[in-house]
Amino acid sequence: MRIDGRESMQLRTIHIEPDFLKHPEGSVLITVGDTKVICTASIDERVPPFMRGEGKGWITAEYSMLPRATEQRNIRESSKGKVSGRTMEIQRLIGRALRAVVDLENIGERTIWLDCDVIQADGGTRTAAITGAFVAMAIALYKLYEKKSIGKYPVTDFLAATSVGILENKQIVLDLNYVEDSKAGVDMNVVMTGSGEFVELQGTGEESTFSYGELQDLLKVAQEGLMELFEIQKEVLGDEITNLIYQNRGDKEGKS
Amino acid sequence: MRIDGRESMQLRTIHIEPDFLKHPEGSVLITVGDTKVICTASIDERVPPFMRGEGKGWITAEYSMLPRATEQRNIRESSKGKVSGRTMEIQRLIGRALRAVVDLENIGERTIWLDCDVIQADGGTRTAAITGAFVAMAIALYKLYEKKSIGKYPVTDFLAATSVGILENKQIVLDLNYVEDSKAGVDMNVVMTGSGEFVELQGTGEESTFSYGELQDLLKVAQEGLMELFEIQKEVLGDEITNLIYQNRGDKEGKS
Amino acid sequence: MRIDGRESMQLRTIHIEPDFLKHPEGSVLITVGDTKVICTASIDERVPPFMRGEGKGWITAEYSMLPRATEQRNIRESSKGKVSGRTMEIQRLIGRALRAVVDLENIGERTIWLDCDVIQADGGTRTAAITGAFVAMAIALYKLYEKKSIGKYPVTDFLAATSVGILENKQIVLDLNYVEDSKAGVDMNVVMTGSGEFVELQGTGEESTFSYGELQDLLKVAQEGLMELFEIQKEVLGDEITNLIYQNRGDKEGKS
Amino acid sequence: MRIDGRESMQLRTIHIEPDFLKHPEGSVLITVGDTKVICTASIDERVPPFMRGEGKGWITAEYSMLPRATEQRNIRESSKGKVSGRTMEIQRLIGRALRAVVDLENIGERTIWLDCDVIQADGGTRTAAITGAFVAMAIALYKLYEKKSIGKYPVTDFLAATSVGILENKQIVLDLNYVEDSKAGVDMNVVMTGSGEFVELQGTGEESTFSYGELQDLLKVAQEGLMELFEIQKEVLGDEITNLIYQNRGDKEGKS
Amino acid sequence: MRIDGRESMQLRTIHIEPDFLKHPEGSVLITVGDTKVICTASIDERVPPFMRGEGKGWITAEYSMLPRATEQRNIRESSKGKVSGRTMEIQRLIGRALRAVVDLENIGERTIWLDCDVIQADGGTRTAAITGAFVAMAIALYKLYEKKSIGKYPVTDFLAATSVGILENKQIVLDLNYVEDSKAGVDMNVVMTGSGEFVELQGTGEESTFSYGELQDLLKVAQEGLMELFEIQKEVLGDEITNLIYQNRGDKEGKS
Amino acid sequence: MRIDGRESMQLRTIHIEPDFLKHPEGSVLITVGDTKVICTASIDERVPPFMRGEGKGWITAEYSMLPRATEQRNIRESSKGKVSGRTMEIQRLIGRALRAVVDLENIGERTIWLDCDVIQADGGTRTAAITGAFVAMAIALYKLYEKKSIGKYPVTDFLAATSVGILENKQIVLDLNYVEDSKAGVDMNVVMTGSGEFVELQGTGEESTFSYGELQDLLKVAQEGLMELFEIQKEVLGDEITNLIYQNRGDKEGKS
C-alpha cells in the first residue's frame, strides 16, 4: 500500500475537462490526483522562419507553473528574466512527443502552440501535460478539419504519458505523486502511442541505478497505466475524432 | 442597452470561489463575466532587505496572463525575458491598493505575496485581480490570526475595484468588457474601501479628454458598483472575518 | 507656510529654456524649483511595425534619470540590464498624455520620440517631463510644418501637468517637492489640456485614503496651477505656434 | 556497412588524452571519431547555498560548443545572452549522471565543476562529454585523495555513455556520427556504470516510434559498446585509480 | 585651415562649469566646442566586495549618452538591456586613468563613482569626460579633506586628455570634432599627467596605419594641447586645491 | 633574468599549428609559452545589415576563454547572460586590427568571423589571438581565392601583435607572461604590419605612468619581437600565400 492508499499499479483519479477556456481553439483542464494543468492549443497561421516555404506545419510547446502551484512559492521565470533548464527540458519533450503522432505535411504552413500551465502541482506535471495537450491539440485540429481548412485529419494515433519509479523499498509503482517522486531512487517517464509503440523513454537513477530486469518490470507497469489513459482520452474526444484517428492509424500500419 | 445586453450601471455576473487551490494560504478564482483570475496569497516569513529590522510587514503583488487568456495568443514574458510596462504598472497598482487596508505593523516581519494569474481575459482584469486578491489575502491573514501567529487581525477595511468609462456615444458605463474597453474614449479604474474612501483613481483619456462634470458622473457610477462588490466579498469571507474587519474599521474611525 | 516658504497653492519657480541642445528637432531644459529635466523631441520617419500602412503617426516617450540626479546615487538601468517598473509607468504616462493633443492622422507615418532625462530631481519629475516635452514636441512639429513636410499643424491644444497632495497635517498643497512628496498621504498627478479638460488623473493614497470632498479640493488647486503653466508655455512657444494651436482647438470645439 | 565504413556495432576510434590543460585539477581531451571535447574538472571549496551545512558535496556540469565546432558557425550563447534549451538539457544530464557514481558524503563541502567544451562536433557530443568528464573527475578527486584532503576515494564505479539508433533502413547502429544522427528515426543515449547498471536512458523517436523488441535490441548493442569504453577509461586512469574504484564497487555491492 | 576654421594645433573653446548640479559631492559641465558632458563624482562609503578589508579605496566610472546627444537618435542602452562594447571600453578607460593620479591608500575604504553623461556630442566625448571628471573628483575629494574625513588630500597630479589624428590629407590635427574624427585615418587619445607623463596612449589606424615618425609628431601636438587643458583645470579648481596637488606631486617626485 | 629564465627581449616559445579543426575555412592553434588560443576564420556569405548593398565585405571577431583556462575557474559569460567589458574591448581590438590589412572591397559582400577561444591562459591572450587569427584568416581567404570566388587575394600585409611592459624594477621586457603582467607598472600592446607600420598602440600605466623616453624604449623592444613573429607566420603560411601578400604590399607602397 502506498502513501495515498493506492496499489502499486494504480493510477491516481484522472479527469479531463474539455473546452475549459473560451478563446483557444482547443483547451482542457487535466486533473491527475492533485496535479492540475491547463492545456491549450492555439493555431498560428505561420511557421517559424526556418520552415517557411516547405509546405508543412510545426508543433511547439511551452510549459510553466503558477508561482503558488507548489507548496513553497516559486519565483516567476518572467521576474527572473530567464527560463530554467527544467522548464526548457519539459517543453522540448512535450513538443517532440506530440509531433510523433501528427502528420505535419497535412496541417499546412501552420504552427500549433501547446501551452501547458500547471495551476496545482503534486508530481507528474510533465506527463499530465502531454496527456492533456494531446486532447487539446486533437480538438483544435478537428476544428480546422471541420471547417475544411485542412483536407485530412492529421492525427495518426493517440498519445499519452505516465511515470513509473522504484521507491526506496524497491517497490515498483505507477504514476508517482510528489512525495513518492522526491524519494524514488529511479524515475522513468514513458510516452507511448495508442498502438503501444514508444515515443519517448526517459529513465533516470538520481544517486541510484537500475538493472535490465528492473527496466523490464517498469515498462510493463507503465504500459498498463497508459492503456487506461487512452480509454479516458477516447471518451473525452468522442466517437467521431476517435474513429478518424483509428482510420489514420490503420492507414499508417497498412503502409509499414 | 450595451453590447452584452447590460444596463449602463450594471455589473457583469461576479463569482468568487474561495480555497480554489490546495497549497496557498489563501486563494480564490474570481469570475467577472468572462474574465477569470486565480488570486493566491502566500505568506513569506521574511521581508525584503530594505525593511529588515523595522518590525513591520510588506505586501507585494505579481500579475500575469496565460498566453491564451486572450483572443490572440500572447508571447510569454518569461520567453521574452522581460516583464512588460503594462504588467509592471498593474502589479504595482495591486500591491499599493492592498497595502492601504492592512496595518503592516500588525503582521510582523512577513511578506504577503499576491499572485494574480489571468486564465481568461475579457476586460477588467486588473480590477478583478484587486477584488479577488483582497479576499485571498483576508483568508490568508485570518489563518495567521487563527493560529495566533499575529495578535490582532490586521485588515482594516474592505477593498474592491471596478472600471467605469465613457463610450463613443458618450454613454457612461460600469464594468467595461473587452470590446467596450477597446472603444471607450475615457477609461477609469477606481479602487475604494468599504467605507467609501478612494484608495486609487486612475482616469485616462486615450486620444480623448473628459470634463469635470463627466468625472463626477463617472465616480458616482463607480461607487454604486463597488457597493455591490463589497456585499459579495462579505458573503464569501463569512461573518467572522467580516466582523473582525468592521471592528478594525470602527477603531480606525474612532481614532481619526 | 510650507517647508520651502511657499503658500499652499503656489507653484515653484518654473523656467523653460527652448532649443537647449543642438541636434534634436525640438528640445528644452525645464526647471521646476530644483527639478531639472532635459526634454527632446526627435522625428523618426517611420512608425512601429504594428502601425505600418495606416497612414498615421505615433508618439512615444522614454524617461530616465542621471544616476546622481538624486541625493543618493542610483544604479543605472543600463547596468542593471532592465528598466524599472516606475520608469515604465512614467514613460507610458508621458506618451499617452501627449497623444491626446496631437492629431496623429496629420503627422504622416512618423514617430515622435520624446526623451525626458532628469538631470536633477527634487520631486515632480514626471509632471515637469510632460510640461517640458509638450513644448519640445510643439517646436519639433512646427519645424515639420514650416518646411511643409506636413500640411496642417497637428497640435490641437496645450498640455501640462502638475501634482497636488494632502500632507500629514491634512493641508492641501500644489506642486510638491521631494520632501513633501515622500511624506504626503495622498498624491495626485493631473494632466490637463489648455481648455481645462482632463487627460489623465492619477490619485494614490499610499497607506492612506481620501474622500470625495478632498478630491474636489485637490482638483481645484491643480487646475489653478495648470493655468499658470499654460501661460509659461505660450510665452516660450511664441505667438505663431500659440495661434496655430488656438485655431486647431477652435476647429475641434466647433466639431464637437 | 555504414556511411563511414563501420560495422553496425562498431564504435568510432576513441582516444582520451589526460592532463590536457595546465590549470585544472583534472582535464582530458576526448576524441570520438571527429568529435573532440575538452573536459575539465575544477574543485571549488564551497557548495551552493542550498546545501551549506549539510556536510556533503555537489557535482555540477556546464557544456558549450565553440562557434565553429560545427559545419555552420553558431552564434555564441554569451552573445545571445542566454543558454539554449538544448545546452541546459545536456548539462543537467551530465551532472546527474556523474553524481550517480560518486559518494557525495565523502567529498566534504566541495563542488566539482565539470566543464565540457566541444571544440569539434560530429555527433555524440553529450555522450563523449560524459565519458570524458568521468575521467577528468576521477583524476581531480584522486588528487584530493592523494594529498589527504578527503579520507576515502569517493568514486564508486566507472561511468560511460554512448548512443544507439535505428536508421531509416531499420538498421540498428552504435555510436552515431552527425550524418547518421540527423537521419535516424530513433535515437537513444545510454549512460551505464562499469557494473552494467543503467544510470540514464533517453530514447526518442522524433517523428517516429519504436517497439519493445527494438528497445531490447538497442540496449544490447549499447551495452557492448559501453564495455569497450570502460576498458579505455581504465587504461587512461591506470591501475591505482582503477583498483580504488573496484574496491568501492565491491563495498557497495557487499552492502546491497 | 580646418573645417571649423581652426589651426591644426588649436583646441576648440573649452569651458568647465563647476558645481553644475546640487546633489553630487563634485560636479561639472564640461564644454569642448559642441561637445557637452556632465561629470559627477559621488562618494560611496564602501568599496566593492573584492577590496573589503584592505584599507584602501576604489575609483570607478560610468559613461553614457543621452539618446539625442547625437545627430541621429540612439536607442537607450537600458532599453536594449545591455551596455555596448564601446561604452564599456570608455568607462574602463576613464576609471583606469583617474586611478593613476589618486593615492588610493589615502581615501579609506570608499568608492568614488564618476558618472560622465554626454548631453551633446560632437567628437572627443571620452577625452572631455576624463578632463571634466578629474575636476569633479578633485572637488569631491577636497570636501572629504575639508571636513577631515581623510587626513591627506589624495590627488597626486593633474590629469587631462585630448585627441590627435591624421586626416585624409595627411594633416596632423589636435582635438578632432565629429566630422574630422569620422574621416581620420589615424586617431589617438592621449591621457597625461600635469607633469607630462603618459597615463594612457591609444592609437588606432582603422583601415590605415601610421609610422614611427608620425607617432612622434602626434605626441608632440597632443602634449601642447594638454598643457592648455591643465591651465583651465587649475583656474577652475582654484589656488587651494592646485597647491595641494603641487605639494603631493613634489612629494612623489622627491620619493622617486 | 626573468622569472621564467628569459632575457628581457626574448619572446616565449611560439608555435602555430594550422588546420587545427575540421570544419572552419581557416583555423590554427597558437601556442605562446603556456598561452594557447584556438583561432578560427569562418566565411559568411552576407554582411551586417548596415553594410548591405555597398559591395564590400566586413571582418569581425569574437573572443572568449574556457572557464578553466585560468588558474581560478571563471564563470561562463553565457551563464552570466552578458559579455564583460574586457571581452568586448578585446574583440573590438582584434576585429579593428585585422581590417587594417585586408582590402575589404576585394572580398565581396562577405563577413569573415574570427573566433579566438583561449583554452589555456598565461598572459598575452589578446596579442596571441591577433597573431593567430591573422594566419587563420589568411588561410580562409586563400581558399576563397583558390576557388576563384574572389578575383584578387585581399590581404595587403602581415599583421602580428605582442606586449611590452615595465616591471616593478623598471626593467623593460618583451612578451609578458601572467605573473609579469599582473605586476607590471606599465603594459603596452603593439599591433604592427609586416612593413613596420603601427596599426594599434595601447599603453596603460595602471596606478603608474611612463615618460616619453620609456615609450621610445618600449616601442623598440616591441618591434624586434614582432619581426620574429612575422617570420613564424610566413613559415606557417608557406611561399604561395607569402608571395601574394608581398605583391599586394608592393602594390600598396607603389600607390602611396
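In this document, chain identifiers A, B, C, D, E and F correspond to the written order of the chains, with residue numbering beginning at 1 in each.
Here, a contact is a pair of C-beta atoms (placed from the backbone, for glycine too) under 8 Å apart; a residue touches a chain by one contact, two chains touch by 3 or more.
Chain labels with UniProt names: A, B, C, D, E, F = Ribonuclease PH.
Here the structure is a predicted model, which means the values were calculated and not measured.
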{"item": "Given subunit C and subunit D, the chains that contact each of them", "value": "none"}
{"item": "Duplicate of the C-E contact set - from A-B, E-F or B-C, the pair where over half of the pairs recur", "value": "A-B"}
{"item": "Identity of the chain that, by mean CA position, is farthest from subunit C", "value": "D"}
{"item": "Where subunit D and subunit F are represented by their mean Cα positions, the distance between them in whole Å", "value": "35"}
{"item": "Centre distance in Å when subunit A and subunit D are each reduced to the mean of their C-alpha atoms", "value": "29"}
{"item": "Whole-Å gap separating subunit A and subunit F, where each centre is the average of the chain's CA atoms", "value": "52"}
{"item": "Shared interface positions of subunit B, touching two or more other chains", "value": "81-83"}
{"item": "Topology of the chain contact graph, where touching chains are joined (line, ring, star, complete, other)", "value": "ring"}
{"item": "Going round from subunit D, first to subunit F: chain order", "value": "D, F, E, C, B, A"}
{"item": "List of subunit D residues in touch with subunit F within their complex", "value": "21-24, 27, 34, 38, 40, 42, 44, 62, 64, 66-71, 73, 76-83, 87, 113, 115, 117, 119-120, 122"}
{"item": "Complex contacts: residues of subunit D adjacent to subunit A", "value": "82-86, 88-89, 91-92, 96, 99-100, 104, 188, 193, 196-212, 215, 219"}
